[in-house]
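Have a look at these structures, which come just after this line.
The same chain A turns up in both complexes below, where it pairs with chain B and then with chain C.
Presenting the complex of A and B:
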């Protein structure tokens, strides 16, 4: 089970859309994951329990330091782009969580 | 779908173009100002967010989602408004990836209601083809036809 965190500036807009998209993607690709969203200000509180952070390039550089894998996607509603970003990050860092 | 709901609530605008992104954001917020969902202070907060953090509210080509925070000052209700602009609005000079023609303004007073709104918005944003058709829409009739087509 992976913990995925979607991060944006205020935690009410883009990260919420991304969370809904990622939840669908996990379901379709049989990835077991808890998917949450928050603002980058709140990320500090969650990031240590997070395996993968999905965010747009604007925020990637502003995240607090952690062991979480940071995956960036420019277009948050391009399902193919988000799927590729997420699946590649999982394959590279958490190969046991996918492809079963 | 969401578009028809917003038309019924008079939270839809079609415009030709704007001199700058600040004017575009102000215009996109007008329906919510007029029905009292938000106040001028929220519009200013939304504009200041972009000034502070950059044009991250343009989260996909052509699509912007002006908003600041849940429960922000100047928010009286939980709502979405939609504006379509004929001439792309530039948010970052020299970066057409941050041009926008479709604006979805978000305001949230109640988290649960906001999440329901976002589910509806996400469902629409994630429907293949619908954004391309919204970009071509010229009037309310076009918008209603698109909504009907994808509601099937």
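Presenting the complex of A and C:
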């Protein structure tokens, strides 16, 4: 089970859409995951229990230090880009989590 | 017997926002063929979110009012803060005071649903309406639907069904038209097919249109220049909210003086007699108000997250070709330096305008807020920089900051709320809409409802 955190500026709009999309992507790719969303200012509260942070390069640089894998893509609304970024990050760092 | 069931359904179930929101989310999940347990979980979370929002907004409005009262005692000025969510809840409070607890939010949620359906219908009829964008930003939609409901009720004094229908029509037209305007500009900035569905689309469209006349995008593109990284901290929503609040409370403390500060400390005020040091007390007020806002936001996030699952599912199913209207922050990653630039010059404009209010002895003063200051000016700066470089963006955002404050004064004067949206569109277009509804109400001899 992976913990995925979707981060944007205010933690309201973009990261919520992203969370919905990531849940679908995980279902389609048979990845078991808890998906949460927040603003980068609040990420500190979640990041220690997070395996993968999904965000754009703008916010990635401002995240608090952690062991989480940071997966970045510029357009968080583009489902295809997000799918590629997320699946690649999981394949690279958590190969056991991706379903057959 | 019949009365018992009417009361149960209309007042206890469909008149209580924490139940109503749960029902909507539950139905949305089931309609999307999700499991029963998931639907129930989503419904409970949405319900808790509504209650958390209430805690945050209740604390915020009560605490903020104490500051406003002390300013009014000293200067006679009527005050209002700029922030979107408390504007909605302040309107609901006024409706609840006359119509009964929970009425405002329930009517607001009905307006939201009807406006969303109308938005889908307008897009389905795009051949005739030219409207192609569906608003999917639940956090913005619930506020705008709520504020529209309050405006219509206040000036036209109608019952639930006509109020909801009129408010929904105005809101859906605003959503559809304004976000459709930005489809092409957003494509130019991001090279992707979505649009902004927020609260400054008219402002962004104007910025997009006039920027080429004010500067040179080739020569002055700020995205190709270097900016100090330390400026990025200003984009942290919690830190920046606290900072703007801090500056405002300092200004208020200087305005009201020692006697009123003692009153604020007393049991009638914040009941913080222990905080004898004025600087510590000032920090306590600043951070308490910020904490109220953070609680409010986390409540909104809980139910909006669940609501957006339904909205997005319905829209994808019914109108697969529609352009998704999303939060303005989605474009920020494409132009991060413009975002900081917009914030700085928007702030300059707002400070100029606030000084103007004091110099010209305005009867209303405004406490600025991070949401309208940052999101509006950052978004407008992205479009302006793309088309006219940083000089154009600087001029446009300074003007926008000034317009935001003066427009908000006009809106507060007509609405008599202690909070206002403060965003560009709500300081321009919506001021006109309010004035028109007010004039219609007055022409028909309808008394102001509350």
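Criterion: the second predicted complex is superposed on the first by the 99 of 100 C-alpha atoms of A that agree within 3 Å, B and C clash if a C-alpha of one lies under 4 Å from a C-alpha of the other, contacts with A are read in each partner's own complex, and residues count from 1 in each chain.
As a working rule, a contact is a pair of C-beta atoms (placed from the backbone, for glycine too) under 8 Å apart; a residue touches a chain by one contact, two chains touch by 3 or more.
The shown structure was predicted, so the numbers you read here are calculated from the model rather than taken from an experiment.
Peer 1: Sticking to the clash and touch definitions up top, decide whether chain B and chain C on chain A clash or fit.
Peer 2: These partners clash in the superposed model.
Peer 1: Between chain B (first) and chain C (second), which does A:12 come into contact with in this model arrangement: first, second, both, or neither?
Peer 2: A:12 sits against chain B and chain C alike.
Peer 1: Of the two partner chains, chain B (first) and chain C (second), which one does A:64 touch, if any: first, second, both, or neither?
Peer 2: neither
Peer 1: With both complexes overlaid on chain A, does A:20 touch chain B (first), chain C (second), both or neither?
Peer 2: After superposing on A, A:20 lies in contact with both chain B and chain C.
Peer 1: May I ask you to decide whether A:42 touches chain B, chain C, both, or neither, giving the answer as first, second, both or neither?
Peer 2: Second partner only.
Peer 1: Looking at A:74, would you say it contacts chain B, chain C, both, or neither? Reply first, second, both or neither.
Peer 2: Both partners, chain B and chain C.
Peer 1: Flag for me the stretch of chain C that overlaps chain B after superposition; candidates: 5-13, 77-85, 275-283 or 437-445.
Peer 2: 77-85
Peer 1: Need the overlap of the two footprints on chain A, from chain B and from chain C, as residue ranges.
Peer 2: Comparing the two interfaces on chain A, one with chain B and one with chain C, the shared residues are 8-14, 16-17, 20, 39, 56, 58-59, 74-78.
Peer 1: Please name which positions on chain A make contact with chain B in the complex.
Peer 2: Per the stated touch rule, the residues are 8-14, 16-17, 20-21, 24, 39, 56, 58-59, 74-79.
Peer 1: Can you tell me which positions in chain A touch chain C when the two form their complex?
Peer 2: That would be residues 8-14, 16-17, 19-20, 37, 39-42, 56-59, 61-62, 74-78 of chain A.
Peer 1: Would you mind writing out the residues of chain C in touch with chain A in their complex?
Peer 2: 136-140, 190, 192, 194, 198, 229, 232-233, 235-239, 297, 300-301, 304-305, 308-309, 312, 324, 326-330, 332-334, 336, 339, 371, 375
Peer 1: Give every residue of chain B touching chain A within the complex, in rising order.
Peer 2: Residues of chain B touching chain A: 49, 53-54, 56-57, 59-61, 63, 65, 67-70, 97, 106, 108, 114-115, 118-119, 121-122, 125-126, 131.
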